[in-house]
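The following pair of complexes shares a single chain, chain A, combined with chain B in the former and chain C in the latter.
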Partner chain A sequence: MDLLLNSAMVNWSRAQFAMTAGYHWLFVPLTLGLAIIMSIMESIYVKTGDESWKRATKFWQKIFGINFAIGVATGIILEFQFGTNWSNYSWFVGDIFGAPLVIEGIVAFFLEATFISIMFFGWNRVSKKAHLTATWLTTIGATLSAYWILVANAWMQYPIGMEFNPDTVRNEMTDFWALVSSSVAINKFFHAVLSGWGVAASFVVGISAWYLIKKRHIDFALKSIKMGAVFGFISFVLLAVTGDGSAYQVSQKQPMKLAAMEGLYKGQAGAGLIAVGVLNPKKESFDDDVNPYIFKITIPKLLSYLGYRDLNAFVPGIKDIIYGGYKLQDGTTALSFAEKKERGQKAVEALVNYKAAKEDGRISDVEVFEKELRDNYAYFGYSYLENPEDNIPNVHITFYSFHVMVIIGMYFILLFLVIWIYGRKKKLHSSRWLLYVGLWSIPFAYLAGQLGWIVAEVGRQPWTIQDVLPVKAAVSNLGTGHVLTTFILFAVMFTALLVAEVTIMVKQIKKGPEEIHNDDITKTVESKSKEK
Partner chain B sequence: MITYSFLQHYWWFIMSTLGGLLVFLLFVQGGQSMLFSLSKNEDEKKLLINTLGRKWEYTFTTLVTFGAAFFAAFPLFYSTSFSGAYWVWMLILFCFVLQAVSYEFQSKPGNIFGPTTYRAFLFINGMLGTFLLGVAVATFFTGSEFTVNKGNITGMGSLGLVISQWQSPWMGLEALANFRNWCLGLAVLFLARTLASLYFVNRLNHKTLENRSRKFVLYNGIPFILFFLIFLIWTLVSDGFAVDPDTEVISMSKNKYFNNFLDMPVVSIFFLLGVVGVLFGIFATVFNPNFKKGIVFAGTGTVLTVMMLLLVAGFNNTAYYPSTIDLQSSLTLQSSSSSEFTLQVLSVVSLLLPVVVGYIIYAWRALEKKKLGLDDLKSDGHSY
Partner chain C sequence: MEMEIIPKKNHFNWFKMFWQGFTHMTKYGKTLWVLVILKLIIMFFILKPIFFPKYLNEKFTSDNDKASYVCTELFERSLKE
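On to the complex of A and B.
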């Protein structure tokens, strides 16, 4: 099929979207997690009347505010880029994909944007309880916002609740409930939000550790680091649980992604999970006999278990998926790439014939072509792919991103546990090494979040909608020069804003939480005396 | 009976409402465009920034929801206009991205570019953002150069895979070659500035700025009225893009938009009420030095006027996003909307809108119980 599309333009559109998403996910995780932390802190303040918790709340709120602004700025670009750079996508699946986005705006984003004003400016304008409610509603709004976005993303990876309409030449929603309650969406939501909590926990722990190293704001730092460690430990343990859920779902719905995550070319029953491994750069084709690994340490049978809950289950490799012929879970035989492509082409031809028959009023032909289209539609997207290689994501990027992310996740479970224990034993002050480790671990939490999205998005290539629409058929018809120009503009703008944001945050952190005013101290002393 | 056609019209009504609210909320941008001219010293600037900064999220959120609602309810518009008028939308986005960070960053220590840079960003957003949004909306009446062929996705057509093809190499900037588009762009810009001035009169606890704002109501209100009237009269006497409801064939129709007003008297009445509201808000504020409620009348009037104008663009069998080079590619409510099921789902969700409006009113009133003065910036716990 002559696509008449410029691959440079497709690649620049991809790069632009990936860059925007990457920047977006630098800022959003911190706001998702900090929202919870500051809401808990303010709840303690309202319950105890202890002004030091108010001081802590206001400090983390400031950091939240700096991140929130740049998070929404990058978010709006992502939303509009579906229209600007992915116009075919917008029509082909807009009937389904647009719904969660507008629902996000109505039920979540407005909630967040409305109550954030009270949260920031209402300290002396509304009652304590009303302010606390506003803070929690801001948190709920931010979290709900993430839910709807992840429903949309999950649907791209596991499209359900839809039917292709040949008359309108698009996919149309048939089951909204299937969309919002999809197991992939639910798991993705928890996994992504928990990763945000993990980033925020590492941030709070790291910054508090820095205050303790510098012997500044000791009371505030101890309160924050203890809360951060508990919050972080719980988040990362739950991340491991939802990560397992993700791996299970990927093995069922996107076996090629799982194979790429493990660098698995040749499938096997009772497949082991690679704990640590180095890929062989000499492996150039899925079809050659070169060993894909230079080095690997494998945990026996674990991949089979994680993927299929069966220690001896067969896990297909890249080669198996390309050539097909193995037994699927439902007992049917997997089709090869060539067979899928053939069926995809049949679907496209049936669509063309259907339109022609309808135009000519050939009713019986219309029914025949519609049936042929529906019988083959599951493979519609394969018609756009030329070679088997087009169906394989970048194995190196997916493999290393996945494994480094998992290692970082395990590292944080251990780190938070140790800090938690040291905190309970009141030994944090004297353990400067641990404080330094906490401080310098902040970037790794961000790295893990970025790598998680790289696994999810690079691993699903070439698809924008799994099996239905590949990236190269989803784009707008823009000249390469236009997209390249906006890419450069965005790159410069986002980078400049990131630098500005980091320097502002560093200044705020150096400044520290505001000192308690004398009248606040008096109030605290008075309230404590009353309690006694 | 809730038919497919009813749902399509209902969602165009929602889009028109969001459009009306968005234009009203552009008073934030209007105020930003006057940062350097209305204020004479740092304290005044700070007060203006803080007055506007407490409302910027509303405009931003409404813009996001407006875009998302187009995506969900009229995806063919989303795919055609955003990809085709690429540079117009991209410039609007750039403006709004710069705005989003500027309030928070401009006064913070460590903002490496200095407060003047961020204030310049706010100014750019105020001038360019409002003007370009006006130009983009004007093309709903003047048309653009595009074709739509859904069959392209099969790859069998001569133009490749892409369904919506923009024919101008200027990718949206060609809209600036049409003076009628300029008129609506300038009208929106001056309306936003007028509304901002009225808002300052109402909200500021600062006599000097209040008096100056009253003068700015006049300075901006007159050009707004002028450009709006030119656009309106030009549109009423121009041919419009009519759709045959049975065959869905699109043709040029003489005085289509004028006839739409005549065919829809309720729309005409609300449109006139809106215009009167805006004019009353402006002139009562200019001529009565004690009158401070101008923003209420002009704000409500703005929402009504814009809503009705957008209804005239899409209702009564009108192609709301016309193609000037291929009439049959023009977008209509029927040809560009989502499926009936999706519109039903979205309509159920839209029932939550009164709840959203309710808590926005609560939050707005909670923060606006008293006017904002310089002293409040120190006592509110957070300031820009």
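On to the complex of A and C.
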């Protein structure tokens, strides 16, 4: 089957992965964020002995449990797809990509699963401190899971610590610590986890606001909304910091993604960051002279600073990256798309010739072809790209996803700050408008999280592995019908799960937090009034 | 006459904790467990074996054959000089 003609199969495989990943990311952020919120609340309870904090902890733990139960194993579906829809990818990079996924499953998940049972079943059966330890270990387990998954994703964006073995046609891990300590992985981890904290904060604030609107469980709601606002404010401020880190990483390792994020076609020294902008739909080619923007407000020099920590640094645009010729940070000159494609083709040809020479026993030829392969391997993936346009991600999707995500982030910093101030001034009760804003802001936090992943994953197209393996080379030789069938199955299944979660959660939220009963001490007191 | 308050001793027992936890679950807890088990059954016993077999394992048994196949695929899909 000619894969070049069967783009429908490639696109359905991409769509299926995107859909299942998107659904997965509806559950995970709340798990990550609620875990830490309930851990903090329980810590306050253990420290102060204030039963109202125990009540709050148990309520948010219940919500955590619902989300965790519905969301659990939605991630495993992604792993199913690697072996079926992405078999070339799985073979080509499985030695590296598989390792963090296995570690995630064995170490992090079991840590989480073990202590979660104490967390739910252990109230009044273990000591306060033991229970608190279990809660924190559950939180650490959930966060560790995220770390290993993000190590795997970061490696796809910035492949390091491996060497290609032409005999096995596999990339083989040569440096595990390079993979684990990748600057891209570490930044991505903090950014993704913080986004989960932000989602949970908005959720806690929103639900607490609803209780205040309904004038129910006032004490609980005030405690939760104040904590949620502080936690959310800190989370979103730190998100801005890690977002800055992300932009820096992207500029160094994926300059085309940065250019797409900003709709930057023509590079500039001292490039400004677009705060708000509208792209021109009439711009059809990276090479035409049509203005990319209908409208924009730019913060001068900020893009250069974000990308290169130099207010006057040159930021390459899409056109510069395609035509090459500009100076890179290391002093070398950027190759053009045509040059990279030529070198990629040399690498692929060298691989095939190497294998043929090895089969024939032509030792000297084997060495020649192996050298040619290694010299050009960095551009292996370019051999699959026909036109320069194949190397450009969807600029509109990447640009708007990035900017809307940032705007939502700024909005939440302001919202949580206002709620915090109103809480300190004891004005939350009487500010129904603010409570409604808090409640209806919940979906925006989820939206920001999804948009962040769209920037990360659409922005890196056409690559599954940056520069090494594009999507069209990574997919299996399956029929479109197979992928379409499983796409529909997943859409139905995940939608049903989501409806179930929302239904159960709404019921429990309407029920509200339970009263606490101390039943772990058997009191036998028989007192006789003092005889006189 | 006053009697002393005697705290009930709680010797931690994993089995007891799980048993009591499961048997005293609320209706929503039981519903969640049913959903989780149902979901895992569908995923691992229906979806995985029927719709998500490992593509290369179905076609080939040896690593050499898989490597050859992938090499051929990568070459065929590339744009030759």
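In this section, the second predicted complex is superposed on the first by the 509 of 532 C-alpha atoms of A that agree within 3 Å, B and C clash if a C-alpha of one lies under 4 Å from a C-alpha of the other, contacts with A are read in each partner's own complex, and residues count from 1 in each chain.
We take it that contacts are C-beta pairs under 8 Å (C-beta built on N, C-alpha and C of every residue); 3 or more make two chains touch, one makes a residue touch a chain.
This one's a predicted model, so the numbers in the text were calculated from it and none came from an experiment.
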item: Superposition on chain A - do chain B and chain C clash or fit; value: clash
item: Contacts of A:Glu172 with chain B and chain C, given as first, second, both or neither; value: first
item: Touched partner set for A:Lys358, first chain B, second chain C, both or neither; value: neither
item: Residue contacts on chain A - larger count, chain B or chain C; value: B
item: Which superposed partner A:Leu385 touches (first chain B, second chain C, both, neither); value: second
item: Contacts of A:Asn477 with chain B and chain C, given as first, second, both or neither; value: both
item: Which superposed partner A:Lys507 touches (first chain B, second chain C, both, neither); value: both
item: Partner chain(s) touched by A:Ala99 [first = chain B, second = chain C, both, neither]; value: first
item: Partner chain(s) touched by A:Leu111 [first = chain B, second = chain C, both, neither]; value: first
item: Partner chain(s) touched by A:Met493 [first = chain B, second = chain C, both, neither]; value: both
item: First, second, both or neither for A:Gln345, with chain B first and chain C second; value: second
item: Against chain C, colliding segment of chain B, chosen among 2-10, 146-154, 218-226 or 344-352; value: 146-154
item: On chain A, positions contacted by chain B and by chain C; value: 3-4, 62, 65-66, 69-70, 72-73, 76-77, 80, 83-85, 87-88, 90-92, 117-118, 120-122, 124-126, 130, 168-170, 348, 351-352, 355, 383-384, 473, 476-478, 482, 486, 489, 493, 497, 500, 504, 507-508
item: Residues of chain A that touch chain B when the two form their complex; value: 1-5, 58, 61-62, 65-66, 68-70, 72-77, 79-80, 82-92, 94-99, 101-107, 109-111, 113-118, 120-126, 130, 134, 165, 168-170, 172-174, 176, 348, 351-352, 355, 383-384, 473, 475-479, 482, 486, 489, 493, 496-497, 499-501, 503-508, 511
item: In the complex, chain A residues that touch chain C; value: 3-4, 62, 65-66, 69-70, 72-73, 76-77, 80-81, 83-85, 87-88, 90-92, 117-118, 120-122, 124-126, 130, 167-170, 341-342, 344-346, 348-349, 351-352, 355, 383-386, 472-473, 476-478, 482, 485-486, 489, 493, 497, 500, 504, 507-508, 520-528
item: Of chain C, residues touching chain A in the complex; value: 1-3, 5-8, 10, 12, 16-18, 20-22, 28-29, 31-33, 35-36, 39-40, 42-43, 47-48, 51-57, 63, 66-68, 70-71, 73-81
item: Residues of chain B defined as touching chain A within the complex; value: 54-55, 57-58, 60-61, 63-65, 67-69, 71-73, 75-76, 78-84, 86-87, 89-90, 93-94, 96-98, 100-101, 103-105, 108-113, 150-151, 153-156, 159-166, 169, 171, 338-339, 341-342, 345-346, 349-350, 352-353, 356, 359-360, 363, 366-367, 369, 379-382
